[in-house]
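In structure tokens below, several structures.
Common to both upcoming complexes is chain A, partnered first by chain B, then by chain C.
Entry: the complex of A and B
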């Protein structure tokens, strides 16, 4: 759960305005939560401080599938309709020391399930996954399906460093 | 009563949420320095490791099973196994979670009205024996049928075969390999004259071309595909992939032919046409090995690429390019899968592909030839042992008198006991039940109510089966719900035996843990019931090894001669490839090196394209392709329990092209109702241009156990290959009936 001292930032829905703009524009109406067919969007709890009541995604629980219903329904422009490739939520980061495919267990679920397969995640010539950061939008499907515990691929939200 | 026989006691030893940790094992792989890791349950250090092989696909990866307190707590690839050299895939790695599930079948029971009544083994075995005996007495032995998994051991198939054919005297012994490799095998037999996959996995290192047709290797055979790609990285071999979907396999290809579903015969004929037209046929060699070279040359003269373009949905340029790549290859390997086999013209597709192999003389040398890599571990072994309606051990035939006599002698039965009439494949078994000809069906570790096409019909047939015996490790499954008798069978690691993989390599699986509860090894169950039916002498084997030694005698002088193999030798040298005719014979990596074929020469097969039995029309305008997902297996009796696997596939998802989606007003993630003339399924839409417009894809793993509207095979059609009787899972007509926003 996000907290006051969480330095990574929240993973915002696709098409989110930048943090300052979003925090001043979001009216916490929860329409984005209701419209998401995957129940991927949650609202920040009180411990999220200024982000209380604003939408975020926990990809381990339920990732975004880039269907783009949420920016369409947002009444205030906190979420702005964009193409899936421009969703700009964050970036996937792969830990090769933990990733099964780099360690003798042939997996590649992240590549298989990536909505932008062959653009955001590719396989090298030994069938090991590689994230192409320029193309990755940070939807979180890879982090959700990764079978290792803890996950070998995680999303770094676009927010704070 | 000790803890093992109570469910609580049994589950107590297994953590409810398996936290798996990586465990290290420094292995050299195949020259690539890498740390090969396995997995183990956190906090449960294995006290012993046992040699094994993976029970899932037919590649045959060697595994080591870690055991503590009589439970499987760890799994890792076997470092020195020739097939995988320490590597495993996601399914193999998650074998740790399959044993201690809530739905393990732990004791025999019998259906009484709506309830299941627990029985002792004594009661269950004697009742089943008595009821089967009464049915044979009243209606003859052909009123009984047995349908077994294609993942069983050689010793088990041998016993099932002897029980049905040598004791009861019926040939109605069938396996789920019918649904998977029947067309492929019949194709090999029609072309080569006998069933004998000629190549070895090491051929990957010598090929400069891989032709992969109707086969998503990346998802179905990850370890083998990884091995292929490593060879390719070294050799820069070319890869052609033929598939209506841009699968992960296709995305690795130098040339992806995104073919219109079902048009493979037209493609193969067009390629053959180009090979002849551009002088790329190895004429001297091809004439030397084939019977009917001129007939084929004349036949394909009219199948030009330009003419094939519309039926295949490919451009003439692509077809010509593929033909040139094939014709110019020094050594080409041809792999195919269900895209060819699971078709009403599966045998035609396979034999016309094999024509290309023969025309370019890709046989009998390193890196060249066709590879038949099966989806289940026992699919090769059951053919060798003859556990099919028309076969006897050692690739003999029930219809040949001399074959029956030879086997009767080894079995110690009167030759007149063996029937000359081939038994029924599974489509005919189910129809036979419907007509009342077959009264009893004994299903062993298989789930036809989920996996056979037209699920509603299958369920109605199973419901009316007079005596349905289901022997399985799990209950409920879609099939076990209809059982009159439930018999708990052991599964992988709980029983030992021999497997043959898809390069004819044989390995011995050790029993690593005892079966849980009152579950017993499957061949013990069948032998016990058989003895109670009066066959004490015939089914009195002391051990699996005794069965293996008797089976060996059946192979003397045959194509799969294994006189030189023994349990001891398999333990020392896992993966030796038959034939192994003597103890000092090193095994046979490659067949037909001497270019002498079972019938002298090989046969080219002349066929034309034919549309699927149910093409799309105005009422049902979309072609449904069913296929597998990489992280689930068959009807999910095992894999649905593994959170790491299930989270990527919680429900059926329909892959649909964005143009088709737009036409139907379907958005990403919307729930749809998809219907065929036989049933309907509720699935979530995934929009992707990986699939051809006009076609949709559903994963076949989901049966009605996941929900009444989740059974993908409720949509598929009972249409079968003309010779092989394999179902046409890859093409039927569907429509989208409703879409939720």
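Entry: the complex of A and C
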């Protein structure tokens, strides 16, 4: 759960304005929550303090499929309509020590499920997944499907570190 | 109940039903209206809360004409029909009213101020004292606000609004949206039907209801709520308002007791806290009260 002391910040829905802009424009109307066909968007709980009532995505529970319906419905411009490739939610980070494909088991679930396959995640000559950070928008599908325990791919939300 | 009263309840409950139905219909892939009372409508056509819009305009220091157009409908409604948002749409208003009814049921059990004979308060002496105290409190609470209380109340109401807007501008977030019971209740309905869970922010609602039940009758709506305050500002002399027919009025003061917002139609002391709910019209035995659009000419 997101909290005040969570320095990494929240994974915002696709097309979110930068953090300060989002916090100043979001009126917590929950239209994005309702329009999301995957129930991926949730609203910050009270423990999220400033981000209370503002939209975020927990990719482990339900990642963003980049259908881009939420920015269309946002009335205040807290989410701005953009192309899926420009969603800029965050970036996937792959931990090669944990990843099955780097440890003798062919898996590549992340590559198979990535909505921006062959752009954001590619397979190298050894059929091991590589995240292309410039193309990855951080939708979180890879983290959602990763079978390793603990997960070997996680999403770093854009903005704060 | 009169037709107006039935319409009002139907409207209040209809909004709750709509908020509950939207996520369910959405899950069944039926495209319908989306949103909450903060912003409600289809993808391109929607209504937005004017206070939310005003706050984000100040917080982000940018003017969005489309957004303001979506807020215009509620402002126009307030300009024409008064604070009907409070009496017909606001879910907190509905809870607040039912809360007030709860108090009234308590009064009836104790015999009520009408039958305030000590023998009816209960068998034991302690129960009698308690009953009398409660009855006295009830009577005090059913009085309309005194001119002083009204004045202080108005200052508090518009002070809260001004402070909230100033803080939104200074801090850069729509500050009132964080505690707005209308938003909290709307979102709770959406989140409950979508995810099956409720958040801790509902405590705000309970605190408001408890204070309104014990300390200040409809205190939030009367003295604090900036949404209501904003709608109150919209009313002018052309706005639909309550008028009393002095010749028909018998001076029984039933309307005073009925008004949960502390107004006194009989003393012609109906301020901007009046939500045009029509409860006083309903309760008047002489039919001396009416909502009128244009001010009657006085002789």
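One rule holds for everything that comes next: the second predicted complex is superposed on the first by the 161 of 161 C-alpha atoms of A that agree within 3 Å, B and C clash if a C-alpha of one lies under 4 Å from a C-alpha of the other, contacts with A are read in each partner's own complex, and residues count from 1 in each chain.
Everything below uses one rule, namely that a contact is a pair of C-beta atoms (placed from the backbone, for glycine too) under 8 Å apart; a residue touches a chain by one contact, two chains touch by 3 or more.
Keep in mind it's a predicted model, so treat the numbers as computed, not measured.
After overlaying the two complexes on the shared chain, residue contacts for A:66 are found with chain B alone; chain C is out of touch.
With both structures placed on the common chain, the touch criterion links A:43 to chain C but leaves chain B unconnected.
In the superposition on chain A, A:81 makes contact with neither chain B nor chain C. In the superposition on chain A, A:144 makes contact with chain B only, not with chain C.
Judged by the touch definition given at the top, the superposed model places A:103 against chain B, while chain C stays out of reach.
Look at A:30: by the touch rule set out above, it reaches chain C but stays clear of chain B.
Shared interface residues of chain A, touching chain B in one complex and chain C in the other, are 37. Residues of chain B touching chain A in their complex: 19-22, 25, 27, 29, 32, 34-39, 77, 86-90, 93-94, 218-219, 222-223, 225-226, 229-230, 232-233, 248, 251-252, 630-631, 644-645, 647-648, 667-671, 684, 690. By the touch criterion given at the top, residues 37-38, 65-69, 98, 100, 103-109, 111-113, 117-118, 123, 125-127, 144-145, 147-149 of chain A touch chain B in their complex. By the touch criterion stated above, chain C contacts chain A in their complex at residues 22-23, 26, 29, 34-36, 38-40, 43, 46, 48-49, 52-53, 55-56, 59-60, 64, 67, 70, 172-174, 177-178, 183, 186-187, 190-191, 194-195, 199-201. Those residues of chain A whose C-beta lies close enough to touch chain C in the complex are 20-21, 23-31, 33-35, 37, 39, 42-43, 45-46, 50, 52-53, 72-73, 75-77.
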